[in-house]
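Each of the next two complexes has chain A plus one other chain: chain B in the first, chain C in the second.
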Partner chain A sequence: MTTTETRPLPTGPVVRTERVSVRVRTRVVTATVALLVAAAVLGALAMTLGDYQLSVGQVIGALTGSGSRAQEYVVLGLRAPRVVLALVVGAALGVGGAVFQSLARNNLASPDLLGFTTGAASGALIAIVLVGGGPAGTTIGAIAGTLVTAVVVQALLGGAVGGYRLVLVGIGVNAVLAAFNNFLILRTDLSTAVAAQSWLVGTLNGRGWTQVVVVAIALAVLVPIAAAGSRRLDLLGMGDDVARGLGVAVERTRVTTLLVGVALVGVATAAVGPVAFVALAAPQLARRIMGTTGPGVLAAGLLGAVLLLAGDVLGQHLAAPTQFPAGTMTAAVGGLYLVWLLAREWRAGR
Partner chain B sequence: MSHRLRAEGLTLAYEQRTVIRELDVAIPDGSFTVIVGPNACGKSTLLRGLARMIKPAAGSVTLDERPITAYGSKEVARRLAVLPQSPTAPDGITVLDLVARGRYPHQSLLKQWSVADEEAVRAAMAATGVAELAERDVAQLSGGQRQRVWIAMVLAQQTPLLLLDEPTTFLDIAFQLDVLDLCADLHAGGERTLVAVLHDLNHACRYATHLIAMREGAIVAQGPPGEIVDADLVRAVFGITCEVVPDPQTGTPMIVPAGRETRRRRREAAAAEDPVAVTPS
Partner chain C sequence: MTATATRAEESAPPTRPVGVRAGGLVVALVLLAVAVVASLMVGSRGIAPGVVLDALRYGPTSPTDTDAVIVLEQRLPRTLLGLAVGVALGVAGALMQALTRNPLADPGVLGINWGASAAIVAGILLFGITTLDGYVWFSLVGAAVVAVLVYLLGATGRSGATPARLALAGTAVGASLQGVIYAVVLVDATTFDQYRVWRVGSLTGRDPQALVQVLPFLVVGILLALGLARALNALALGEETARALGVRVGRIRALTGLGIVLLCGGATAACGPIAFVGLAVPHLARVVTGPDHRWVMPWSMALGGLLVVCADVVGRVVAIPAELEVGVVTAFVGAPVFLAIARRRRVVAL
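Here is the complex of A and B:
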């Protein structure tokens, strides 16, 4: 045997048992641990900071049932649901963004830029105005709105396309839907309009365990489907013919993952209103941090969770006592990120 | 001779335009089959049809005595590998990771990197001479190296049938020969059947054991190049006047196009005979 044949492949560590065999990517493991730590630190900040300052010990006391009534109310009733909601909504947006971006083979194909989020808002607004909202009505409305928008955008684009056409279609769809949303709000009575408007900002304020439960159930059902489809999406990125040649059922993969993405974005938007930036940035940042090439559905979800929680913590405490909604924070950061991304695509000549 | 891959009454169409109509073809097992023909004659379409990239408008493709549509997606990919034209490498992917993707049809959610996977990837990289490039970014390779990496990926599928759609396009002459030599090596064992679409007729004659010449969606002639390629065939397929001489290096047929003046006179004579059937060049 020659030396080239015996030299081990640079695969990194490999775990093999009777049923399982996987390559362990050291950087992915490190990055995942780092992100989990970041989420824990942000969560601790969110639980302790505020008008009613608590120590970490007091928070743990309240969580385990040995705190005072006031502490328990602040922790369990106000702060914990908000933190968990930021995590689950961020995860849903991150996973949804990863799915859409890899389906369109375009980093700009995020649900907010394409108008899906505004479409979700339209659906939810119709539900709020016509049937008075409620978590079920808003959620179903938002999913239906996302689905209709996705179908329309898909028809307008007709397959994978370059950045500018995608952005232009997104601008058009967003403008039409935003106008429609305004029309709906103006037509309704004042109290409904105020409720709708506050929802439209995209905030974690005034949400509770109900929303957490809805989004968490959606995650539990949909994320495994998305994760199982992650490798197929990855192969689709090399072109339909290559993917089909490797044994990917192209059409079925596309329809399944599209529906999963639509449902995740719809549910997340129904819970907190339209939140910009997270679905756009999470998949790309995840790829950069993890050093991977695929859609990285789970990594995008984890990063989305951290991003939205960070946005909410910053929004609450950056300029306290003034509070910014998480959606405003993420939109501000996202605008800058988008400009940078477009400038980069421009230079790459796409 | 047996034929694991064949098509009967195959009609292939894009939207409204029918490219291939009711075509019968059988790929001889163990051959290096090369499909040639003028631009837009349907040679790539035929290859894509055989590789189930296009759903036939009529007729069927048979793989190992069963309709190719009767197999599961991964099952087909374990028997037949195909390298399409201009595939896209994901941003920042390494050579090893790209070649490893060829193992997808052999893997499952839990079994993603078995000993067999590792051996297949190692063998594919060794056979294509890209083992030294394992950790390089695919985007930074030369065109010829990149094509070797893509071939390594489909090779890692370890299929008895390997289909390549214009594997030499966009490569300079040295890399073209390099890729064709590689194909000849892959074919040499006798267990693998190769099918490739090529542009260069002289290359096709040198490397193919079985040649399929197409024009306007139909097969004009097929067989070993030495038996079927002559001046009449080249005129019938490409519409050019030429001389066919033995290749001084290999003895296979070599096409030497006639000079410009001869071809022009020939064209005028043909036009005078039959004003409708004027062919180009």
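Here is the complex of A and C:
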């Protein structure tokens, strides 16, 4: 899916030091600041709203240790981990989505459509059923499931990356894995099945600091690798031969980035269950908001964090006291977004 | 030359002699009868064939005749329902693939089952519908609306409704409907209670009257399919040619659409969304019959019934004492067929 429209050259002041000179793109800076503000506002909403209403001042008091015990419990024990988890998981999904989309050179190559997320769910379910779960087992299972699914999808594609076949293969793989997951849930005893099912919904409910720490460590390790690789991925977009001529180790870049993407999606899914469409929408929206052409790994991460937090806040307070899992919100909105994306692309005759 | 030959081979399987086609159909029907008998015998309580036949012929000899009661009141309605739904979905798939000239067309892939589901959920939530007569109408309307929507979306732009585009459009629409359904169902406990019984895509726990109530819709749909076969053959040659042969293209299309909606809507109302039957069955049928719809339709009926009844029996056996839903088993069988078609060098129009 090549972009045929011509984009204006980036404008903005240039910062020069003795060794480096960087053009500061005004639009990117504005957009980044706006997204950070949005995240802060959403975070404040999530921290203050709820059965136990708090003012912003009380939240800050609790965070700095000068609030009452009840306030500290609500803020530090319940709301803060949930907000931080939404941010880190959203960021992991956004970065993972950007990696896969630029790797396949296909806007639709998101882990949800390719069946990776369902594969992660299968791996985690196997871990829950066989080893009895636990954060470590679920995480390892989810990563292994994602990896196996990625390898199978690659094998089914037989090297051909182009066009819609990728997504069609994903639809088929998705169906098989979903059936397998149903089968697993049915085969186990009731208590395990309930645990598995509650995990499968894709919710931030009842998660705590443990999950936050796992995902945060993964982000800290993997995002720099992804960001460092994104320039090489840009070059890969010109075709393997050109990239090789420009000195890119094509195979190694591809394998490394694939592994990074798999690990990010696997860890994120292990923490909260399969959350739909964040990985699909975040890189696309980031590209449009920032006005850039490249995969924009960091921008996609930022947008993914904002999207998932927004989905969770919406799900919690849209019809309170009923709480929707964040996954249903992102599925409904993300599905519509996909419809719009397809209609736009096809109308433009691409 | 060779390229055109392979393409023609791919899109049109060889036509076999009439004897083979007719003989094969008889074999398929015999197999279907065997499957029906097996479905009456197999379960968590095995019943000998002789006892089954006695029960069918003479009814329960006494109220304590448990075997006869199980056969007549549990297994017979279920088997007949599976048979009817399988026949309906098989023909619906054949009609769909003929109408859209798309080898990937299937009520599940194109999102039509989700449309029917969403409409039924809306019916339960807004109008308090709890009976099957009520479900059927909502199901039909939902199926029709989503069918039109997906077709319009897929046909956007210059290159028209290619097979891959329709599948993608259906997936996107289906995904957002799924999100909406889960959100609604989670808010409203009574709706959830009704819906979770209905949605599993299984033949168990259905009202014994279910079959009687949807049967008129299915019969009309099947008669339409058989009557349209000749015209669809002409339509397969292209719109212009069909018109030159005296086919009223608009009317035939509308009638085919009506048939699809009646069959899918009726089947979905009776036992929830079952995917991939409509996709796999016509392909298997065409392997034997070639492209002639006058043969494809009856073959699809026989094979569709066979597939669903067998899937139900398998689902009862693999997870004793629990049961695997028939929709899960058909996905295991149907999704690989989908993958095989999607992997072809080019997904050709029929």
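One rule holds in what follows: the second predicted complex is superposed on the first by the 325 of 350 C-alpha atoms of A that agree within 3 Å, B and C clash if a C-alpha of one lies under 4 Å from a C-alpha of the other, contacts with A are read in each partner's own complex, and residues count from 1 in each chain.
The rule we apply is simple: contacts are C-beta pairs under 8 Å (C-beta built on N, C-alpha and C of every residue); 3 or more make two chains touch, one makes a residue touch a chain.
Note that the structure is a prediction, hence the values are computed from the model and not measured.
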Partner chain in contact with A:R16 - chain B first, chain C second, else both or neither: first
Chain B versus chain C as contact partner of A:D234, first or second or both or neither: first
Partner chain in contact with A:V169 - chain B first, chain C second, else both or neither: second
Contact breadth on chain A, by residue count: chain C or chain B: C
Contacts of A:G245 with chain B and chain C, given as first, second, both or neither: first
Which of chain B and chain C A:G132 touches, first, second, both or neither: neither
Contact residues common to both interfaces of chain A (with chain B and with chain C): none
Parts of chain B lying in touch with chain A, wherever the complex brings them together: 48, 51-53, 72-78, 81-84, 86-93, 96-97, 101-102, 104-105, 109-115, 117-118, 121-122, 125-126, 131-132, 134-135, 154, 157
Chain C residues within the chain A interface of the complex: 104, 108-109, 153, 156-159, 164-165, 167-169, 171-180, 182-183, 186-187, 275-276, 318-319, 322-325, 328-329, 331-332, 334-336, 338-339, 342-343, 347
Partner chain B, residues of chain A touching it in the complex: 4-5, 7, 9-11, 14, 16, 19-23, 105, 228, 231, 234-235, 237-242, 244-249, 293-294
Touching residues (chain side chain A, partner chain C) in the complex: 108, 113, 156-158, 163-165, 167-169, 171-173, 175-176, 178-180, 182-183, 186-187, 276-277, 319, 322, 324-325, 327-336, 338-339, 342-343, 345-349
